[in-house]
Every structure is written in C-alpha cells, then in structure tokens.
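Following this line, the structures themselves.
Both of the next two complexes hold subunit A, though its partner changes from subunit B to subunit C.
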Partner chain A sequence: MIHKFKWTRYIGLFVLGIIYLIVIPLIWGHSSFILNIAITASIFSIAALGVWICFKVGLMNMGQSIFLALGGYCTAILSVKLGLSFWLCLPISGILAAIVGLFLGSVTRWLKGFYFSILTFVLNMAMKQILMISDFTGGASGIRNVARPNSVSIGGLTIIPQFNGDNKLPYYFLAAVLLIITVIVIWRLTTCPIGRMTDALCQNDKLAASVGINIVKYRLISICTSSFLAGISGAFFVGYTTVIYPITYTTTESIYLPIYCLFGGVNYIIGPILGAFFFQAVFPFLSILHDYQAIIYALIMIVVIRWLPNGIISLRFRRKKVAE
Partner chain B sequence: MELIQTMLINFIMLGLFYSLIALGLALIFGVMEVLNFAHGQMYVLGGFVLFYFYGKYHVNYFVSLIICGVLLAALGFLFEKFLFRQVIASEKVTHSGSFLLALGTSLLLEEGALLAFGEKARGVPPVIQGIAKIGSMSVSYSRLLVIVISLFLILALFYFLNFTKIGRAMRAMTQDKETASLQGINVRQLSSLGFCLGAALAGIAGGVMSPVVSFSAGSGGPITTKVFIILLIGGFGSLVGAIAGGFVLGFLEAVGFALFPSDLVMLIIYAVVFLMLMFRPRGLMGKVFRE
Partner chain C sequence: MALLEVKNLTKRFGGLVAVNNVDFVLEEGELVGLIGPNGSGKSTFFNLITGIHSITSGKVFYQGKDITGLSGYKIATKGLARTFQATTVFKDMTVFENVAVSLVLKRKASSLGQFFNTLASKGDEKRIKETVLEILDYLELINLKDENAKNLPHGSLKLLGIAIAMAVSPKLMLLDEPLTGMNSAESMHVMKKIRGLGKRGITMIVVEHDMGAIMSLSDRIMVFNFGKKIADGKPEEIRKNKDVIDAYLGTERWD
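== the complex of A and B ==
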C-alpha cells in the first residue's frame, strides 16, 4: 500500500492542474458559457468529494442536498438579514453544515451503514418540505438578491476585486482555489494514518474494530468533513447565482453526486472530479436530449455499476491486467 | 362523530394498504438485503397497467390485478437476474453498489414511465359504485374493496410464508443465508422468487389503490419514501414489523390529515421517524442491525 513518492506518477495530475488553472482561463476567459460549466463542475466536484469521503468509510450519503441547502441558506440569510460579507459567510456555512452532519451521524452511530443512507434520504424530503413552508427562509420563492462577494483590501492594496455578474473569471478562480485546497486536504487525510484506518474500515469493518480502530470516531470525522464540504459548495452557489430556491435541493440532485463518484471511480480521489466534469460538460452540449437527461443518467448509472464497478478510471488498468 | 368514522375508515384502509406495499419491500430486503428504491415506481407501473387493462380495454378488474402482478413480477425477475445478482456477488463488504443500482433502476422506471405515459395524473373509475351502510357508518364500496383485497393478500402472504415449504425456506433465508444454504435451500432461486414476489406486491398495491387515489408518473418517489418511513418505524428485517409500521403511518395520516394542515402532518411523521431512530433504532419489532 505504501508507495515511494515518485514524480513520474503525478505528471498526469500536474498537467491536468496546469490546464485547469492556466489554459482554461486563457482560452475561454471571455466565454461565460464554458466558464459557467467549469465553475459548476468544480463546485459539484467539491460536494461529490464529500460523498466520496463517506464512501471511504463504507457509508453512502444520499442527502448531500441537505448540507448544500444548509450552506446556501445560511449564507443567504446571513448576508441579506445581517449584511455579513460573503467571505465570513463561507466558513460559517461550512461549520454549520458540519455541526448538523455530526448530529445526523451521531444519531445512527451504532447502526449499520444503510440506516445513515435512509436517514439522509428521508430527511432530504423533510428538509424540502420545511423550506417550502417556512417564512424565515422565504418559502417556495426562496431568497433573492444575495450580495456577491465583495472586494477585500489590506492597507490600500486590493487583494480580491469586487465580484460582478458580467465577469465570471473571479468566480472561476475562487472555485478553482476551493477545489484545489479540498483535493490537497483530502489527499493528506487519505494518506495519513487516519486514511489508513478508514481504508481498513472500508475493507473489513469487523476486523478493523477488533484490532482497536474506533469505527464511530472515523465515521463521524468523515461525515463531518463531507457535510462541511457540501456547506462550502452550497454557500458558493448562492454567492454565484445570488438566488436560492428550495426546489433545487431535491433527492434526485443528491443521488447525482454518488453517481459522479461511481462514474469516475470510487477508489480514486480523482474519480468524483472526473465524474462531475464529465456530466457537467457533456449535458449542456446535448441540449437536444434535455428531455432524456434523467433517463440517460439512470442508464449510465446502471451500466457503470453493473459492468464497471470501479468507474471509467478502471478502463485504464484493465488492459494491463489482461497483459499479465 | 362523522369525523371519527372517516378517520377510522381511512385508518383501516391506509393501514392495510401501507402494510401491503411495505411487506413487498420487507420481503425483498429480507431475502436479498437490497433496499428496493424502485418500489414506489413499481407501484406506479402497477397503476398504469391497471389503467390500460381495466380503464381502457375493460378487462375484468380482478383479471387486471393478476396481470399487474404477473407483469411486475416479470420485471422484478429481469432486474434480479441481470442486474442485482451480479452486483451483489461482486460486492464484498459495503452495500453501496446494490444501493446505487436500486436507485438507478428507480430513476429508470420513473423517467421511462414519464416518457411512455406522459405526466398526466390518471385514475380509473370505481369498480363497484355506491355506498355501503355498516351500522351507522357509511363507506364507499371502492374503499371497502381496497380493505378486503389488501387483507386477503396479506393473509395469503402469511399463509404462504408460514405453512408452505417454500415460504418457510424463504423465512429461514431471511434469518441466515449461509445456514439456510447449508440445509439444502436453493438460495439463488429463492432470492429470485422473493424479488418477484415483492415487485408483484408493489404492482398489485398500485392496482388496488388506483380506483381510490389518482396517480402520475412522478408519484412513485413519495411512495418509496413512505415505505422507508414504515420500515424505519416498524423495524428492518421483520415482516410483522412492516405491518405494524404500516398501521402506525396509516394512523398518523388518517388522524393528522383530518385535524392538521397537510404540511404539518408530514413534518410530524418525519419527527416521529427521527425520534424512533434516536431512542429505539431497531424499530417496533425489527432485529438489531448493529455494527
């Protein structure tokens, strides 16, 4: 399991990073269509990475929309009612989502994994209903005119410019920075001792428990991280679109995130990112198929689970195995 | 007085109907440890089959119900044979693969139904017109029919599970698969049969309910959620628990919708589920699924 750190292993990732950070903004910097896809895909990748972290401890999070909505509404309410800056709302939303995640996780802490999945699935429905009737969150029409991220300057030097609706480039870089930080943090988490223990949990939880690994602790850590990431991405979406409606946060949306993970490959950290970018990038181009979008999702899901249980990334390794 | 009568009739009807549909899911979960997310969609498909056979082509109602069951059982058989069996065999520890597969089939059926039948809400005319008088109560015959058919099917299922050899083998399988196969029970065939039976029950439930409640392609999702709520209340892995949960949900809905606004009722139900998970996670009579 322990690899020697070799640069050659990571050249591909390095190239992808350069394309992502430099080539895309240089070439498509003025095309808001392409940038919009890239921004949405990046943020969905962050939420999908949260789901992936739950997969790592053998849980399936089927209510990521709960935490996306929590983050989004937290930011919207704080910035509209209290006038807080977006840069403060972002971490607060993440922490709030993490606390709620901790609570949900602790309710099912001694139970088998599928209880967590069903609880999140059922609560997702409940949450939509609460948001629809609550006056505090604006009911079905939601909250509009949320402030965009404002400029930040220290000592007269503007570090971050004022965001506006016409130029999507600042949003792109913000999303990219958030995604890269997330990937680095999760990478560290999965390669440090915690990651080794969650690997053990994923492979055989009873054996892991018998050698003294505290299952509950690592599950709660994963659920917390997962909901934190969802809270952050929900907050970003509100800052990006400036509106929030309850109808966006349905169970179907929650189900798409595990599909991203599975499509890309559950065993690899790049998996959920690949999945998110693929789905976000392919469907806008196939706008003729808009009516069939959900059925195509379903078919892809079934085909991938049935014939490619490790995602499209396993296509690369399969050839090697045959050669051996 | 009239309010109480309405509540009572609704309670009996909803309780039996929810028990019927939850039994199908509990059966599938028992024999295969798969949470059939497509259960609500199978219910809707059953409704559509009845709509075409009984509503459009005027086949006899009971014959149409049997057709519902047979067609849905065939669908369940195909799903089990070509999808679930292989995925479950390839899984080692977690159930996430079969979960996502079940979610995929539910999406597929829902969107398929939407494309094939449109988004219009459908209903069929009542089988028997008129109102029955029981003492001082008056009940419409179509509701009475739901009660009678559901009761008959539940009793038949329990007879099958308790007094026939195959049914007892199936129950043995729900308790312990490996030991059951050591006793010479054909686990593969019985999984297949269990899935078929569960799907057929869902389809028949759709057929039974469609003269009373109209349905559309999108009404499967809420039904799936309700069935999960029933199993969370009643307890996973227990067929009696499914019936108990069905009656609890039926009670909450029958009383709640008569007294409170409908949004509030759903919130109360969700709160009950949440408290149940916190203080009695095994449900009313489920077996304990602890780590």
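== the complex of A and C ==
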C-alpha cells in the first residue's frame, strides 16, 4: 500500500516545526545555554536516527561513535591540514563514514543481530586506542582550531553568515535544517518500497529471502545510511566546538544513542528525536546529582521498558484507545 | 531435461545424518508427494534445495543448471518457491501487504527509482496491485485483504503462505505440510487450489501427513525414512510397498 501524504495527520509536526524555528529563537535566542541544548539534541537526533535505521533491519548498532569520530576527524583534518571549507567537509565526512560503514557491513554480513552488536561495540573500544596513538589524528591531544563554517555569498548577497563562537543562533538553524532534511529523507525511505522490504526482512528474514528479497543489500543500505548520518553529525560538532579528541566519542555515546531510540519509541521516526531531546534537556540538571546520574538513567530505562515497551510515543496511542 | 535433479544429496548436522544420499528426478508438470515419519528429513530436504541449510555433499540441478548451495534469495529469482511448515507469514502486515512485498521480483525500478518514486516505480506499484488481487482472488482470500495477518485463523494463514509462494511466479513450488491443522472442508478447499496450480503448469513437491490427500493429489510419491529415500513410485505401488508399511508401522507389529 502506498502511504498517502495526509496533511492533516502532520499538522502537529508542522506546528512543532514553526515553534522550533520561530518561537524558540525569539524567546531564547540570547540564551547560550538553551540553544546549546537544542543544538546538541538536534544533532544527536540525527545520529540516533541512524541507529534507528539499523533497528529497522533488526540490528542494534552499538558502534555509532565510530562514525561520529570518523566524521569529526575527517572534517577536522581536511579543515586544518588542507584548509577546506566546512561546507565541503560536511558532505565529504558523511560519504567517508558511509564508505567505512559499507565495508563494515560487508564483512559482517553473515552475523546475526546479537554478534553484530558485540562486534560494533568492541570496534568502538579499539577505535579510541587507535586514535590515541595515531600521529595523523593528533594522538591524545586531538585536533584543535578547526575552522567554523564560513560565510557563503552569491553575487554579493550573503546567504550564509560567518559562524562565530559567540552567537549560537546560526548553529541552531543549521542543526534544525539538517535534522529536518534527515527526517524527510528517512520518512521517504521507510514509506517507499525499500522501507517495506526492510520491514519484511525484519519480521521474518527466512521468508523474505524465500521471495527474493536480498537481505544483505538492504542491511548494507541501512548501515551505510546510518553511518552517513553519524558522519554528518560528527562533522557538525567539530565545526561547532572547533576541537576533537579521542575521548570526544566513546562507548558512552554508542550506548546512549540506542537508548534514545528505545526511550522515545522504535516504531516511529519521532522516537529517537524525542529520546535525544529528553536526555539532552535532562543532562544539565542531572549533572548536579553527578554520583546518582547513572542510577537515575537506569531507573528511567527500567520504568520505560516495564510500562512503555514501545517508548514514550506509545502514550499518545494509549490515550486514543481509552477514548474509544 | 528434468526440471529438478538431485544427486547424492547428504546433510550432516554434526553426527546426525538428516538427509542421506538422496537421488531424485522431477519432470516438469508433475505433482510429487513426499511422505515419511516425523523426523525423516523431509523439511531438511526442502531447506537444502532452497539454500536455507548448507549442503554437506551432493548436487542439486534446476533446469539443467547447478544450483547447489545457492543462497536463499537467489533461489527465488530462478523460479523456485516454497511454503513453510509453520504458519510463516509477515505477521505485522495486512494480507494485501504480505503478498505485495513478496512480489519484489516483479519490480523493474532500481532502489534509487523506488526512493524517488519515478515513473518506473509507479508502474511497478500498479502492476503489483493487480497481481496481488489476482492471487488473493484465486485463493479466495480477497475479502480478507486488509486484515492484519496476525488476526487470521489458521486455515487462512496457510493459504496466505501459499499466496506468498505464488508471488514468486514459480515454475517449481515446494509445499511443506499445507494441510496441517485444517478441518476437512478447509483441506478440500486447499487441495482444489493446489490442483489448480498444477493446471497452471506449476510443478510441485508436496510434503503431507494426510495419506488420503497425498494419494489423491500425487502423480508420484516419494517416501523418506531416517533421511533415506526408501521408495519412489505411483501411489498404488507405494500403498503396497513393504518398506513403506514397515517404516510407518514398524516391523515388530507383524510378528
């Protein structure tokens, strides 16, 4: 069945979009603190959506940090060593991450879900060590003074201003635009035939193979897209913070990203976004309770898994059922 | 040229020989019944041909070409389809979507084309929709087309499994216990549909435990016991075959 784009179903999202793009900057545009949360949440949403795509083919990707680091270091090195503009580095980082993802997906194509997760996690741990000892990536001191996104003018008109460290608004809008584009692309992926075939693959891979669905091909498409998104995310962050170290992306991020997906709800695209925004908003407040942070996250996850196994988003559908 | 030819097919799971040196020739247009006690290797035999299990030794030839060890999805592209013993369908989709997604081989548009909804992809969708309705109409499942697969009764699930296999446009269909768990009315219905498939030119191997059904459906019957083929011939011959009777009833009983 072809999903028809019903405008009415998505009114809520459009309103949300308008609030996000217009109302929030108007009210909190001066607050570096609030903008920083929103920016970080938007970009982690993109990386989480990558992990979400992997869930959709039955794989739990526990190594998204690998591609975040790849994207970040790629942009950092191209920017510092070759002086390339951020706007060029961004897509290049994504593509590089996708190529590495393709390679990783190919060599693990026979692995069942669980073993794939373990392998990605182990590679994640190995990556930090490699970054520490590698001179090319600056070793333990990492890379600093990465250029911020530069201004872009066409015919004398500045369409993109020079990004600087004081004003976070340009980053806010860039992050929002990237997230919106990502959501549109992923939405299309899941509603087009590719998405339906990955659904089938996820529900019963033996049956899917028996009707001619090339399991490996769809797994690779998903892994590549996932890595691409993480590469873009890593590139953005290094253009935002101007630094990157081996410890910037560790197994911690690799664990949090699947948690964002599970918390928000794996059945809908908005799930990982909800998860990312929730945790990023909650982090600064919980850091006060530093010692109890891990326990609180564990408690949150236990509550969600026990009562809302389909994530926070399932609250919306529960209310509907009760009303009927 | 035989449609399917199996030579010395053997499968070992560690020390257990599940399929033991089976030779078998299938001509186009035949409907061969495959019977044997539980655990005699019938499903494993299907799994070996369709690439679900790796073959320990032996060869499989389809339309003269060697397909030994070919991976799952490629088997479908050759025109070989199967149903599964359990009620294997895509449980979280509707009946229509189950068959529609199985028509993947009918798609002409590339993945990129599907993403951007090109004309080719639109054409695919139209043809697929027509084919789904044809298949569901044939199996008389059409009034259930928007029903979620997980809500279907057992009999309809089995029919849906056949619909999914039909979506591959197979020349050869392997049916694994299509009548299990059905009452006599449902069985008669499914048997009628299976005969209809034969009339459409689909060659079939049917595994079944319902002796009456197998005797009436099959042109030829093959009998397995402990992974070995112990008999192969017309239904009347099989009925009288001493080895077959021993396999099912056990030699001791005749003392």
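Throughout what follows, the second predicted complex is superposed on the first by the 310 of 324 C-alpha atoms of A that agree within 3 Å, B and C clash if a C-alpha of one lies under 4 Å from a C-alpha of the other, contacts with A are read in each partner's own complex, and residues count from 1 in each chain.
FYI, a residue touches a chain if its C-beta (ideal position, glycine included) is under 8 Å from a C-beta of that chain, and two chains touch if they have at least 3 such contacts.
If you're wondering where the values come from, they're calculated on a predicted model, not measured in any experiment.
A.B. asks: When the two structures are laid over each other on subunit A, do subunit B and subunit C clash or fit?
C.D. replies: fit
A.B. asks: Which partner does A:Thr252 contact after superposing on A: first (subunit B), second (subunit C), both, neither?
C.D. replies: Once the two structures are laid over each other on A, A:Thr252 reaches subunit B alone.
A.B. asks: Check whether A:Val243 is in contact with subunit B, with subunit C, with both or with neither, and answer first, second, both or neither.
C.D. replies: In the superposed model, A:Val243 contacts neither subunit B nor subunit C.
A.B. asks: Contacts for A:Ile221 in the overlay, against subunit B (first) and subunit C (second): which applies, first, second, both or neither?
C.D. replies: The answer is second: A:Ile221 touches subunit C but not subunit B.
A.B. asks: If you stack the two complexes on chain A, which partner ends up touching A:Ala209: first (subunit B), second (subunit C), both, or neither?
C.D. replies: Both partners, subunit B and subunit C.
A.B. asks: Now for A:Leu189: first (subunit B), second (subunit C), both, or neither, which partner does it touch?
C.D. replies: After superposition on chain A, A:Leu189 lies in contact with subunit C alone.
A.B. asks: Just to be sure I read the superposition right, which of the two partners does A:Met197 touch: subunit B = first, subunit C = second, or both, or neither?
C.D. replies: A:Met197 contacts subunit C only, not subunit B.
A.B. asks: Please compute the subunit B to subunit A to subunit C angle from C-alpha centroids in the superposed arrangement, rounded to the nearest 10 degrees.
C.D. replies: 70
A.B. asks: Looking at subunit A, does subunit C or subunit B touch more of its residues?
C.D. replies: Ranking subunit B and subunit C by residues of subunit A touched puts B first.
A.B. asks: Between subunit B and subunit C, whom does A:Ile302 touch in the aligned arrangement: first, second, both, or neither?
C.D. replies: Only subunit B is touched by A:Ile302; subunit C is not.
A.B. asks: Tell me, in angstrom, the smallest C-alpha to C-alpha distance between subunit B and subunit C in the overlaid model?
C.D. replies: Superposed on chain A, the two chains' closest C-alpha atoms are separated by 8 Å.
A.B. asks: By the touch definition above, which subunit A residues appear in both interfaces, subunit B in one complex and subunit C in the other?
C.D. replies: 203-204, 206, 209, 215
A.B. asks: What residues on subunit A touch subunit B, complex-wise?
C.D. replies: Those residues of subunit A that touch subunit B are 55, 58, 60, 62, 107-108, 110-115, 117-119, 121-123, 125-126, 129-130, 132-133, 202-206, 209, 215, 251-252, 255, 258-259, 262, 266, 291-292, 294-295, 297-299, 301-302, 305-306, 309.
A.B. asks: Name, in rising order, each residue of subunit A that touches subunit C in their complex.
C.D. replies: Contacts found on subunit A: 1-2, 188-189, 192-194, 196-197, 199-200, 203-204, 206-215, 217, 221.
A.B. asks: Quick check: in the complex, which residue numbers of subunit C touch subunit A?
C.D. replies: 50-52, 71-73, 75-77, 81-82, 84, 88-94, 96-97, 100-105, 107, 109, 111, 114-115, 117, 121, 124-125, 164-165, 167-168
A.B. asks: Help me check something: in the complex, which residues belonging to subunit B touch subunit A?
C.D. replies: It comes out as residues 35, 83, 86-87, 90, 92-97, 99-101, 103-105, 107-108, 110-112, 115, 221-222, 225, 228-229, 232, 263, 266-267, 270, 273-274, 277-278, 281, 289-291.
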